[in-house]
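Every chain is named by a letter (A, B, C and D) in the order it is written, and numbering of its residues begins at 1.
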Amino acid sequence: MIEARGVSKLYGRGVYALQDLTLRIDKGEFVFLTGPSGAGKSTLLRLLLRQDVPSEGEMIVGGRNLAALTGRQVQSYRRSLGFVFQDFKLLQAKTVLENVAFVPRVLGLAVAQQQRRTFQVLKWVGLQHRMNAYPRELSGGEQQRIAIARALVNDPVIILADEPTGNLDPDLSLEIMNLLREVNARGTTVLIATHDRELIRRVGRRSLTLDHGRIVEVS
Amino acid sequence: MRALTYFVTEAAGSLWRGRRAASLAILTIGAGLFVLGFFLIVNTNLQRLAARWGETAEFAIYLRDDVSAEQVESLSRLVHDSGVAARVDQVSKDQALERFRQDFPDLGATAERLNRNPFPASLDVRLRPGASRAEEAAEALAGTLAGSPGVADVRYDRRWLARLNGVVRFVRTVGLIIVGMLALAAALTVANVVRLAAHARRDEIEIMQLVGAPLTYIRGPLVLEGVMQGGAGAVVAIAALGALSALLRARYGGAISQVLGMESLTFLPVELSGILLLGGMLLGCIGGLMVARGVR
Amino acid sequence: MRALTYFVTEAAGSLWRGRRAASLAILTIGAGLFVLGFFLIVNTNLQRLAARWGETAEFAIYLRDDVSAEQVESLSRLVHDSGVAARVDQVSKDQALERFRQDFPDLGATAERLNRNPFPASLDVRLRPGASRAEEAAEALAGTLAGSPGVADVRYDRRWLARLNGVVRFVRTVGLIIVGMLALAAALTVANVVRLAAHARRDEIEIMQLVGAPLTYIRGPLVLEGVMQGGAGAVVAIAALGALSALLRARYGGAISQVLGMESLTFLPVELSGILLLGGMLLGCIGGLMVARGVR
Amino acid sequence: MIEARGVSKLYGRGVYALQDLTLRIDKGEFVFLTGPSGAGKSTLLRLLLRQDVPSEGEMIVGGRNLAALTGRQVQSYRRSLGFVFQDFKLLQAKTVLENVAFVPRVLGLAVAQQQRRTFQVLKWVGLQHRMNAYPRELSGGEQQRIAIARALVNDPVIILADEPTGNLDPDLSLEIMNLLREVNARGTTVLIATHDRELIRRVGRRSLTLDHGRIVEVS
């Protein structure tokens, strides 16, 4: 499903965020990406979202080389992804409901379908009672759960999550992980970047440890 | 259809959320279009005025007191044949005196005291408006007439007409420049305002890009927002112009018409309203496109 | 001092970071001020023109062929005593013929063929410009003269003068409205632009508030940014006006002067540049203050 | 130093974020604030920053009732605080150096002093080599450290930090804690909201546990 072949990402002045990275994640897998701050986790996820292309090597997802996609193909590729951003990227001017419904809406889904999915994911993350609040009226953890709900709303084929439990307490973190495991059980590939080694231990799935842009441990 | 609904609700929602900025914007656009429209009205009226005055330009042939009826007849024919005249009025000495009394009512007493009528009879020629080469033809006629028997003097409002034409040309040039600059300013304003809207929505736009929304969904609301603001600005301008026109017509309509010799000033023709509205929306569209283009 | 340095570097930095938006803004302000300045120039020239034309308004007393020298003398005195005349020129029948030949050179031949001189002698009175109640006095004089012995006719450019005054009044009213609306539009534009700047800096402003920065530090750069943009816009407008003036002067200067009878048109007086510059900065300041006030 | 007397904070529609909270933190203390997502941690810190005032009760800091401060007094009060925001609040248009130097700058400090302090705190958080980068060029953990550096630059009397290690790996988290302990050792009062129980255990200082706006545990 996801394959990196000798991928390097070089930012100006010789800073390698990723260096000759090769990895393979199969369809339906649930994989953690871990490593110290600045290891390159977010960079790898950014390449997978096709926000950026590798300086060297190839990122292959679903058999397609991401660097070779046209603008329109990038759009349809992204529609098959669910992404949880490290900084949430919630819209301050929209309510929780509108934030989540925004995605099916701008993808042109039918209204009935928009609503059904939106209510469903809000219930999953346990925030249907706050759906008319604005993001700034939510605690950090609540905002994080909205971000997760938004990534799930579009029934993605792959879920990429950058530090989805950074603002959650251990119990809630585990709850969210169980939710993602559920989604994963229905066939969705899940890739999660996190620092929380305790969480990885508790969930007990495959994990890749990055450091200085290289994979230093697989477990 | 779904896309259109989305565009409209998004654009309207965005305008409503940023209603303070939007009203400021609409007012700005409105002010610009108001000045534009106002200027167009003034220009139209000045042109009409010039045309009218041109029409009423006179060519007066003063007759000697000892002129004969045949001489008057032949002079009259001469004028008619020249083709520059729209009308020829014969004014007798008595009519001239009467006209003087009307023109200078305060001096009626003086006129009464006159022992004899000092005013000459005349042929008053109203020039045909817009006759081609009318000026030269009138000049030629003036020369011929001046030498004809029975004619005391020929008066032709030549200097004034030249000046009037100069003013009209001047105003027209000035008008083109002003209108052009104002349209530019209005377009820039709209672009600015839509830019502000786009800026306010840049998080939204970023997310739309990241979830793979079609480009049209990203750009549509921006362009529509521009169009809506431009249209709203135009409506404000039209309303203001209408109000001003009504006010001016009520207050000064009579006085102005009298002084300037126009029966009816044009205030706010429907076509102008239409032009302003379409123009405002077009400007808004251009501004919106300018911003939307920046969104890859 | 430190605060001022901070304001200037912040405002300049902010303008530089948002240079695309800033140039758009400066252009918009520039366009607005350009139209404003342009209109002021046109208005000034029209007023000067009206004054000139008023000066050259004539009052012609046509004399009967049988007029005596004493009669001419007493008529002349009458005109002088009335106080409305700046100058009185005596034109003999021969001079009148000569003048006709000059005015209508193409008709020289016709004039040659005249068996007798048909043109009357006259007293040409140039009215004193700006004499108070000049119009009424001139009318009264016209009445008196019309009844005097030796006078064939009195011609007074009354209708034209009234029209001219009407136009000038009209243009002045229109001018006030246009200038007012343009100033408003320019202020709104600046406010919009500074608002954009404030919006772009709202994160900065939030942090400043949260770390306890003095209000002056928060508002100062916003106001200064407005002033800078307004000033830059004014400079753009002045440069454009200067260029346009130079162009017009070079191309049409001569022609316009001739047609309109003005020796020199005023193009871009220094005072106007100063007014535009100060006005632009003031507008920018107002726009900046409007936004800064919103920051508690 | 910090005292809450029967503080409640009510957000619209009967949502109590804090309920009859009474606590006391002495000068020079180092205290953790913990509890599940939505417990009211950020709300308490927001009251201490005087971004908001309690619906009931009083917040007293340094002997002054925060609700009674005038605008100017709020300014000078805030100048004595250092705050790490849960969402960082870095300026995207400014470099790392400018972000940190921004605070002494807008407080009107002399240029030499601005620079000295800025370099010092950047060195503390280990990011002097990235000082000309922009925030978006930094990893989440690096951004978090910038936020911490900014809170320290003004030599505050009290440091309030909301989830300052949410994006940091365990090793880096401990490093940052050691830094804050150092600062604390020089007399600065430190109050940190965090979910990371492991971290609290390792640092071993007093902790207050909130739940549903009440203190449920003190240890």
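Note that in this section a contact is a pair of C-beta atoms (placed from the backbone, for glycine too) under 8 Å apart; a residue touches a chain by one contact, two chains touch by 3 or more.
On a predicted model such as this, the values are computed, not experimentally measured, just so you know.
Undergrad: Starting at chain A, figure out the least number of steps needed to reach chain D through touching chains.
TA: 1
Undergrad: Using the contact definition stated above, find the chains touching both chain B and chain C.
TA: Touching chain B and chain C alike: no chains returned.
Undergrad: Indicate the whole-number Å distance between the mean C-alpha point of chain A and the mean C-alpha point of chain C.
TA: Chain centres of chain A and chain C, defined by C-alpha means, are spaced 67 Å apart.
Undergrad: On a C-alpha centroid basis, what's the spacing between chain A and chain B, in Å?
TA: Chain centres of chain A and chain B, defined by C-alpha means, are spaced 63 Å apart.
Undergrad: At least two other chains touched by the same residue of chain B: list those residues.
TA: Residues 200 of chain B each touch two or more of the other chains.
Undergrad: Based on which chains are in contact, what kind of graph results: line, ring, star, complete or other?
TA: Graph shape here is a ring: one loop, exactly two partners per chain.
Undergrad: Determine which chains touch and list them pairwise.
TA: A-B, A-D, B-C, C-D
Undergrad: Under the touch definition given earlier, write down the residues of chain D that touch chain A in their complex.
TA: 11, 34-39, 41-43, 86-88, 137, 139-142, 144-145, 162-163, 166-172, 195, 197-198
Undergrad: Which bits of chain B are touching chain C when the two form their complex?
TA: It comes out as residues 21, 24-25, 27-28, 31-32, 34-35, 38-39, 42, 49, 53, 62, 100, 103-104, 106-107, 110-111, 113-114, 118-120, 139-140, 142-144, 146-147, 151-153, 155, 157-158, 160, 162-163, 165-167, 169-170, 174, 177-178, 181-182, 184-185, 188-189, 191-193, 195-196, 199-200, 244, 256, 259-261.
Undergrad: What residues on chain C touch chain D, complex-wise?
TA: My answer: residues 2-3, 6, 17, 200, 203-204, 206-208, 210-215, 217-218, 296.
Undergrad: Which stretch or stretches of chain A touch chain B in the complex?
TA: Against chain B, chain A makes touches at 49, 51, 71, 74-79, 81, 83, 89, 91-93, 102-103, 105-108, 110, 154.
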